[in-house]
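Below is one structure, written out as structure tokens, with a few remarks after it.
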């Protein structure tokens, strides 16, 4: 009787899409306005889905207070009000596209989640553009 | 050519998370504010997903009027403006966590849904906390 | 150059609409399902609007961190996960309709807000029913 | 490392549910108000999900500008501010239920999407009624 | 102590913007896609705001059940799943722009609302385009 | 018979709150995380409200296509995917708080709006923090 529990969170950050192996011209061509060297930013909305069995004693899959605290400590504290390219180790050498941010958040949380749970992450860059991992 | 049809509904209810096999202290420790003996409550939002083949005559998987009526009769009428712990047979001896409410609603609707359809239920306890069954 | 600043917050609570001066029958007739003696509940969403001049040094009308903290301390801490009728001094003898809750929140916040600011409160009982004070 | 990328779009259209093989009476009985011979309409919201590998050079699964342009050209331009039954080749002989519109949009986009990507479409007819294909 | 109470409702309808005193060319020029002679449509969302004193006996400005019933009877029943131009007396000779629909709804409801209440109507034609009367 | 017409738009930008007349310490104390020298960012949502008489010939207060184009040209094009502090003349010497951005947008649009219309601007920095001018 597997149930999925989803918790929403958010963080605000600046970023720039850029591939240092390319010329400036190719970067502008591929990334368009997102390549602005002076950065731009987003209100990122995050949905963390944890799947597992209901514990018959608590009636819960996972303690939502614990999960909210984990997301706060490991994701919001790390990325909120940051420049993803400059201020974080994760994106110093990795292009902070929504796809890459989503996978990075999945890896960070996966390490802290007991092995019996499945984990999925959905990340909204804007209300009209969002990504999911694993697909 | 299977298509899924989703219908949203809602109900407002009071509840308390509590395990009678535990001491009051352990209940407060595990369930926190949700253990308040005087109850608290939520606007529950429900998404009922029915999956099946499109009927070539109607162009529909299931008559949405029928589905909305079923949810109204079997879920909204049963739980809306109720105290889940005191007023419903389903949660007299079952902890009304979002997980358990979601599974209970799935079982109620499953009995009334013809066997050729698959059923999934998503339940929002708040806009930031929600669950799905089956996962 | 007056600007309004709005901060959203929320709390979850149980309540019952009831006038002790009336018979049970009249209470049921006027308040319907909201008169359930075993309570029901809501996710209340709150919008607190503070209007004033922009401070030329900060570029802000009011420090949003301070405002969020004030709402947390004075409103969320007081009402979240509570039974409004039983657990709060404000509604022991006042019917906790959305209208009355809105006015009570306005009065609580008004006391803590410097006199040069105007204050308006909007309270959502559900996404389809909400109230504003002053109108 | 498959990631899903979702893009939202929308279009406003008129339609009528009707099966010409049936009597008027049966059409009214099955389709109710949606059978109105003078049409009614909706703001359709569309979510197009494309699943594939992250390209290590761009950090993206698919160029969102390209995807948004494809949806604009092939879906929005075709259906926006149209009468689906009268103005479009797709629904001249196919009942424009949400289910059928969703499958038609999937087929249109599938033709234009490179074969290595998976495609899913979610279509909202109203905020409370929506469909997904494939399920 | 005036409080405003707001109730949301909705209806789905088809319409066409057209001024019969103009040439077809001028109609297309002014109304663009909205002039499609085969109609298009929308999910209209409505917010009805009623302002008045709190009744000390009920704690309410107006009975929300009564208000919801009034909107259902006088607005939703009249316009839902209709072609505004063809099926309604109100728009047979009046262009069904969002502005005109909003004023018409205000006039209909005003007749049924006791004189001590103020009335405001907000009408969403889409989530990005909406109107208010009186302003 | 004055009606208000509201159009939503959005732009994504980076910014930093900072007063160059203050010490770094005071800037951090007053602006907190928003003072990050490496910037952070937001998805800004904008509501532009134009109030005026309904033109009896068109049934409209203002042509929404014209208004959407004006906002696109004068606001979105100017601020979208920009660093407000570095890339815009407006905020080179003005702190880009939500309050100041809102007033600046009002002034830009006011110049282009015929004098018979009233103008109000609401700006969301996040879904929980927003401002309005004039109040």
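Residue numbering begins at 1 within each chain, and the chains themselves are lettered A, B, C, D, E and F in the order written.
Heads up, the rule we're going with is that a contact is a pair of C-beta atoms (placed from the backbone, for glycine too) under 8 Å apart; a residue touches a chain by one contact, two chains touch by 3 or more.
Bear in mind that the values here come from a model prediction, so they are computed numbers and not experimental data.
**Student:** What chain lies farthest away from chain E once each centre is taken as the mean of the Cα atoms?
**Tutor:** A
**Student:** With chain centres defined as C-alpha means, what is the inter-centre distance between chain A and chain C in Å?
**Tutor:** Measuring from centre to centre gives 34 Å for this pair.
**Student:** Rounded to the nearest whole Å, what is the centre-to-centre distance of chain D and chain E, using the mean of the C-alpha atoms as each centre?
**Tutor:** The answer is 28 Å.
**Student:** So which bits of chain E are touching at least two other chains?
**Tutor:** 127
**Student:** Each pair of chains that touch: what are they?
**Tutor:** Going through each pair of chains, those in contact are A-B, A-D, A-F, B-C, B-D, C-E, C-F, D-E, E-F.
**Student:** Show me the residue ranges of chain F that touch chain A in the complex, using the header's touch definition.
**Tutor:** Going through chain F, the ones touching chain A are 10, 12-15, 33-34, 36, 38-43, 80-83, 86-87, 126-127.
**Student:** Considering the complex alone, what residue numbers of chain E touch chain F?
**Tutor:** 17, 19, 21, 30-32, 94-100, 102-103, 127-135
**Student:** In the complex formed with chain D, which residues of chain B make contact?
**Tutor:** 1-9, 49, 51, 54, 57-61, 63-65, 118
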